[in-house]
């Protein structure tokens, strides 16, 4: 196969990581262009990766005929409009999560993609973490029966620039991973209602600014299963991503925060090192998702997680926001 | 020390286990009398343990001057009245959980015990499981900082005689363990409100009878911590009791369902055996709690978990029942 | 059953522990007499345990008709002569390992026991550790096929009074546990030859005194299996006892030095606490072996590990001594 | 940097894997030529990887000026002669282990490489497995003090084509990994003597052909440390590579055969899946070693494991062969 020629929109932290993956870690893709409204970002990365085309305006990248597919790694609130623009330009689209932050945006993005007939894959990387991939497979093979209790959690290693975190980020950008994960692990059901508790426990001084840094969500599903999603922005021990699915015939436990399998025994007891960065803990998942995306673009197959998956996870996040506002249970509007 | 002379009230499954502990597994106690309204139960156990005094009416046991302390292992709904009667008889009291099933009963029992000046210990055995005991200690030593997220779960190995399970058992008899555990692990705060989801997922046919066999509860505490308690009556893999406390300085993970540490590697992969009975998984905890009780009786010291601990856990259970009835968040009334 | 009336010979560290087990931790035994040539030792323990009979001369204890069975916990070099004396006195015998330190002594002890028709159980406690018990059972059930590679190790937590350790202690008193364990885990074969490496690595200054504090032994068995036994007198992380059996159909891994299952996650990573004392790590095993012994005495059944087991393990230890002396492979003389 | 142009000599199983790594998994290398005396092998791989140059005679590949560096993945007995030829051709050399099978060959290869001033890296991939890399680092940082007891083991998942396995393969090709690992983990000492036990336990019918499929080796080091190396050609549960280093200040335990971290709980207990192929278990290590090699070639730095490392591991293997032949301890001749 010839390598898929990829353009990157957004050269921040995640954009740089994805761009590096496309440029250096894959056999089926190459990075041909980078766009960032703050052009020095794009130039720095292009220089580092040996990419010759740099654009200030992402629209120029979308107009570049060499570019077959794009990675959208801009701020979350702009994702859906770039998805629409990329679809209209006929590009394959890898969009970082969340694809949208309102239900209308989500529908518009899905419609634009459908109309253009392009591939759209959402950056719910957790589906590509070995444990979660295998769990998804075994659940679909009915190895643990019908899911009854589920859990998914995300704990980020540290809260930086807390002042600049947009309102509702914990639901729209963090827990949305967990919502998609739970949907993925309970595949024959839809979310029905949520109850969300959230607070600013790490930075209570910023609660009035709208910061929520800790949240627990209970989700009821149409098959009766009850799921818990949990997030916190500051786990001193590292980056923590885990899951659990309890079904009628068994349980699967997922996730591991050890840096490696080495075990140390000293006078202080037994110890292991932990992963401190998502890009360490989930490195392989990030590469695997991009590899799948390039394959789907090249062979014109439909990737998952899809736009509809994004919409479904978003619906849970929006219900959580409603629940926090009202202090009551909120329905999930699909 | 001379052994504490114990009388057992209730010779069912747990009563027989506790009676055997008092009779055979402790150096500081002996079992001198057994009462059970169904006298053959008492006689069978007395015969097995070499106990000479058997009573049909527990009141006769309470009137027996040889008896210094009693173990109350009758049906849950009768606990508080036997606590009151035992207190009035001046006996030390070990009462299986729940101590009471209404707030009034709880208050009456606590008042009777206070008036009589006797010891009262509640059978929240989980505080005596090594992992949980150590966690309680380390949390009090501030080793993981202020608790922010907590989890406690109970999964029973199998649902038997589901038709005969009293209404609200999942909260009043099962999750009450988890509520006490969470209170124990978040010692400087009080529960404020709950949201409970519950269903009959294992036996949906019995939902109309009032059976709830699966439940997830979110509890907000006065220090901002958010806790999740989870129960299910049928874990095919064994008896599952675990906990997790996430704080500002670290996390503790508690519980282990392996039967032992042997690991088996075969053509099918790696495997471990699990514990299938609470009395296997928690054997040491059951013995430890009774040993503490006998010591407190002998040396006239005040045991924990106390009547107030029982009342606090009950308040959460009652709020859960309210939450299920209304489908809304319910306050915890302390 | 009536409790077995036990006399303790030797009130040192292990004697005190075993005496306490007989006195307080068992339902089927009681401690009625204690003998120790250093009488204050016996008196202190008798006082602590409420035992009324104290002897300076163990022969007087053996002459006591109330005593049904004895625990021999004297220095290793005197075990066999006390076994013989106890057998001649018609007492059931629990003898700490090693039963003997020469082949002739072992034969004499076995003969005396056979002639007297009394029970003899050797204190190879590892057979009573859950993991090892289950492994023995599964190997006999052929669940991992024919053993091909075995490993057993003992690491003591600290080297104290190194100057007073008798020559060859590492083989005769420490590794003899591992030799019996390996024999137990490879039940259909006999040890054939050994190669032993040993050194004074912890206290090289005492090597000229005959101290060996570190040893690795390779044992060839008659079924072709090759076993490794390993010991060290100073593991800074705690008391470490493990095993591994690799067979044609699978592998079993045995042993666990964690103090409990609690896992701590902090900024320094993940940590567990370890057991620091054999009497913590192996507590249940010590109680279980003594419980079995009392049952065998009461019901006149033959216990294992037997005198022949002791002789077989000793034969390996003696071959190791020969191997260290010659620097060459030595045959195991059964 | 410009990619290092690599030529592959030997397109068998490992050669194909290494060739694929050079062609597709690295950012700093590309595969430009493939040679295999059985030309269809080379052609098949070249076709698969899009490599245009195919040679039947490796000498022609060595004469190709475009080729900067070579991967030698021919049968073990031919390695040293290809190392010499490649050195004389001025190519950087990655040579699969063992670099040589006699001491003379090892010296000749090292001399040729020194004379030519080219890079030589040996395929002791275990040094690049995360656990082992970190252990090597921590040992050098003195975090566990002076090594006293070491263990390294290799268990292959299945014995195929046993009839064709060259004599002494278990030492020269399998355990040589463990010998290098032990040398790496005990960096300030030299091996002094060995005692090796080996047998044909899996295929006893082939023992007369010279097959040895199971071996245990004890190695004494100049710092007093005693190491055990263990190998078996048929572990039914998967590919098993582990290590342990016990030192004066602690122990490190290395290796993990789980396929991922997912844990499955069912009515049969707890289970994990295992890795069945070295190229799964050690995938990252294979990529990391080749990446290091390409960097060393490009930047003209000296890689490890070196020719001298290969020679040292070989010396242990040769001493093992001597030990098996004589049934006695054999010196390691460095």
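When the chains are written out, they are named A, B, C and D in that same order, and each has its own residue count from 1.
One rule holds for everything that comes next: contacts are C-beta pairs under 8 Å (C-beta built on N, C-alpha and C of every residue); 3 or more make two chains touch, one makes a residue touch a chain.
All values reported here derive from a predicted model rather than from experimental measurement.
When the interfaces B-C and B-D are ranked by how many C-beta pairs touch across them, B-C comes first. Of all chains, the one whose mean C-alpha position sits at the greatest distance from that of chain D is B. Centre-to-centre spacing of chain B and chain C amounts to 39 Å, using the average Cα coordinate of each chain.
With each centre defined as the average position of its C-alpha atoms, the distance from chain B to chain D rounds to 56 Å. Shared interface positions of chain C, i.e. residues touching 2 or more other chains, are given as 235-237, 240, 249-251, 265-267, 273. By the touch criterion stated above, chain C contacts chain A in their complex at residues 235-238, 240, 257-258, 265-274. Residues 148-149, 155, 195, 197, 199, 201-202, 204, 214-216, 218, 220, 224-226, 228, 230, 232, 234-237, 240, 246, 248-251, 327-329 of chain C touch chain D in their complex.
Those residues of chain B that touch chain C in the shared complex are 24-25, 27, 130-131, 134-135, 138, 143-144, 249-256, 259-267, 273.
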